């Protein structure tokens, strides 16, 4: 991987906005396929892997990068600046991973106001901040004004900022799916395959996680909700039928149902299935529908088993959801 | 306006050519135009929704008139409209009218949408400006919605020629005979051991005073003998599955303890049975029957039943007198309830009424004062076949009353009990007055609120009873008491009443009081309604499809109602309804198949993950799970189109015709006016992310 | 005089009971405020929580869900499913900063025109007292005006927009 490589090779970039870095690891986790990448691409910008300056990217001609994998959501003006920059410089921009696609766990911050977020970060019991310092976006120094990225009130998905060509879901995307997508791109470069229609979801399938889950399923009637630490779930039976809030029914397939098959409920990182406008509403509606009671009081008691509906139904999808954020995030 | 961005996103991707939409705004005379500026609405639609595909918008006096319909048809043909939105009355009234008009002009009827600006706008609002603005929003919603309509074809299902009739009173009997005479099979289910219903208990019928038995029993015999009628008496419907044309009805035939194939109806068992039981049902508690009995002499069928609660054998294990004397060995003590299933195409519910229980109005003394009678008790007293052989006597069974008070509206037109008028009580009371005078020569006082003697020959009967000397006191009875205060009241029942015509309180001593009790829905009407998938009104009567234009159909296809189950009515009206329901059913049967609304859900098999969330949600069992392919599938004939599974499917794999997500979300955007001056139909690049 | 806030309310009705109640209110010429705009569904069970969220997000100040009375559903028991979703949705809305009072569930039979009119009147007053929700505006304001930057290309950061639901291309579906 070198910027001095063959300049005739198509250019590749990867960027890390508001995210944890897991996506980068997942890309590196494709093992020897990474050599295919190096053989076929000229990596021009990948801050986590190599040194690069924003001004180098700014200097590139527009649309000179063939493929950019953009992971992370848009939390601050730096994220937005690079998103727009890479959009301009790239032919194909892929929202890579759950953060870029739909906000992911960082977007749960959209449930809180900026003030609450800063209080948690700078004033909580685990923070040593005797002077009560808070970030100041612009600060005048004798040497001149210095700036740090401005924190936006809400986290946005990549496609809420720039147009996105493809979406690759997952937290992170599974390595075998990444390898498959790289294979595809290489084949396209060699003229052996065609790109899917713009706006498509790639590296995933068209059904939901249950499609790949091997647990046996019956009709669903939920009398109470529980968590896996509360009892010893039947290893062969559908988790949801055992009262465990599993997001599998609403979550796009493609991961191989890893979590439910390992005994943990699906948390929904592959995002909504085809055509779903709001992931959380789909899951909420399905779960509520199979609650086994017609008595409002009993339903209320059963619902107490879901102490955090927003966190449970929008764990990965809040920024991409219809409501996007708690009202106070904007006040 | 806020949210326009999101809206453009959504419509921007629709890569289809712009539709050619016509908008038609109805004045409905002044019904709509009096409140809504219909011309302004039409003009606005043409201007502001032009970029959504509206190419013509018109207003017209009466859109539903043939001229109005022709206007639409002409536009479809000449302007090449691909969608039509009519803004007029409720779709429940004229949706079909306009869809048919569209169809005549060659457009798929489901590409025509009727939105209501009358019931939900002009009639409920008085602020003209606000009502006009709301009409615009409603039209806008309709236009957005229709863009997402797709042509649909009705689902055709065969009609089973058999009919189930529930209730063997006069309405049910009439229906059964009409249908059977047309050559189609009928199953007539009756809860009691015999058909006949309330009418069989009466002696005379108003206003002609013909004998109820004389006109009813021949019909009952016809039912019993009709080759096309299967009578299922002493039976009740347990459950109903399926849909119009193809109902499967599960019926419980309660154990009669009689082998009907052996019984000749000779009556020896009843004669020999040693156990006398107070007959609370047919004799209204005035007479006795045996533990093995037929309710009355002319019962159809003729077979008795053994009342196991009162039969000595069932209670003590000995007796068997009936078995000993039965010449054909028809008694079967071990008989069990039998569950049978029948297949029918249509169902008529003629389940009748319950009598209001006057015990609820304690001050009228019924149940406390011996000589206070209910109307039904009095019917039995006057009946020649009744416990007194038709003699009008006091509760002691011998004394003939010298004076009788008849109290009208007991439990009717009374906000404490039933708000409605029971319809029959005025005429019934007049009949009683006549019979009392004729048979005893007693003085009769009627206590009434208003005399309601509408319909043919009814008022003439009122005049006749007046001329016969019956007395009428206008006012509500405050109390019936035996506490004498004034001379002449000793040993009498005193009726305390305000005579509103005289404007003073009166105390009228009488020997006998008849309470003209109102009619109530059957105590289990709600349960029955639920079983058959229909609904009850606030008062508990079954709701008809339209109170004026479709009085015997219900909102559920294939279920009809007749007689008092639909609301209080007299015998002629019950018979008319029974016949009307039969005519409706026969016309359906003769069409051999019928078209069902194609509003149905279906599952995209590729997208379905077989999670089985939906499997338990369908009350019609329309969703089947294929374990081999691990997907669920909907049977379109069983699907009723409620859409619950669509809303519940977490994978978004279930879609529904007529009420798709796209249609509903688009209507929402239209109602919120997010579509104004937004280009639709072709891709519009987003403001953001446009590459330089 | 201060102009009165006129809320926009979306009402979802079922075809068999509550839409008929609305019809009956009309036939009986009962008056209620013009703030409500109705969407007819076949059954309250058709009510997808997405519709409610979308209504709020696109500018409705209140949403009224209506259906047949419990036990009287035209489709036997589907209104109970609406009830369960409504109860869970209420909990979610509270977490999203939307007052639960902005979402109301009303059972109205086909005979209850008067009740329908009364409930609408009461609900409009209730929403009027709560004030505007302005969800869509907030999304735009939040990511717009408050942010200042020197970067030439982004004077006004884009408003939050929600692209189309995304689809997987056909060849990716059901790979075995």
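For reference, chains read A, B and C in written order, and residue numbers begin at 1 within each chain.
Here is the rule we go by: a residue touches a chain if its C-beta (ideal position, glycine included) is under 8 Å from a C-beta of that chain, and two chains touch if they have at least 3 such contacts.
Note that the structure is a prediction, hence the values are computed from the model and not measured.
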Chain whose averaged C-alpha position falls nearest the assembly-wide average: C
Which of A-B and A-C has more C-beta pairs touching across its chains: A-C
Length of the line joining the C-alpha centres of chain B and chain C, rounded to whole Å: 33
Chain A-chain B separation of Cα centroids, rounded to whole Å: 55
Rounded Å distance between chain A and chain C, as computed from the means of their C-alpha atoms: 28
Overlap residues in chain A, where contacts from two or more other chains coincide: 159, 161, 164, 199, 206-207, 211, 272, 274-277, 282, 285, 289
Chain C, residues touching no fewer than two other chains: 48-50, 54, 57, 77, 81, 85, 135, 139, 158, 161-165, 173-174
In chain B, residues with contacts to at least two other chains: 13, 606-607, 617, 644, 647-648, 652, 661, 665, 686, 688
List of chain C residues in touch with chain B within their complex: 8, 10, 16-17, 19-20, 22-23, 25-27, 29-34, 37-43, 45-51, 54-55, 57-60, 68, 71-72, 74-78, 81, 85, 109-112, 117, 134-137, 139-140, 158-159, 161-165, 173-174
Residues of chain A that touch chain B when the two form their complex: 62-63, 87-88, 159, 161-164, 199, 206-211, 217-221, 238, 240, 248-250, 253, 272-277, 282-283, 285-286, 289-290
Contact set on chain B toward chain A in their complex: 13, 606-613, 615-617, 625, 630, 644, 647-653, 661, 665, 686, 688-692
Parts of chain A lying in touch with chain C, wherever the complex brings them together: 77, 80-81, 84, 111, 147, 150, 152-154, 156, 159-161, 164, 167, 196-197, 199-202, 204-207, 211, 252, 272, 274-278, 280-282, 284-285, 287-289, 291, 293-294, 296, 299-300, 303, 306, 308-310, 313, 320-330
Residue ranges of chain C in contact with chain A within the complex: 48-50, 53-54, 56-57, 70, 77, 80-81, 83-85, 87-89, 91-92, 95-98, 133, 135, 138-139, 141-143, 146-151, 153-154, 157-158, 160-175
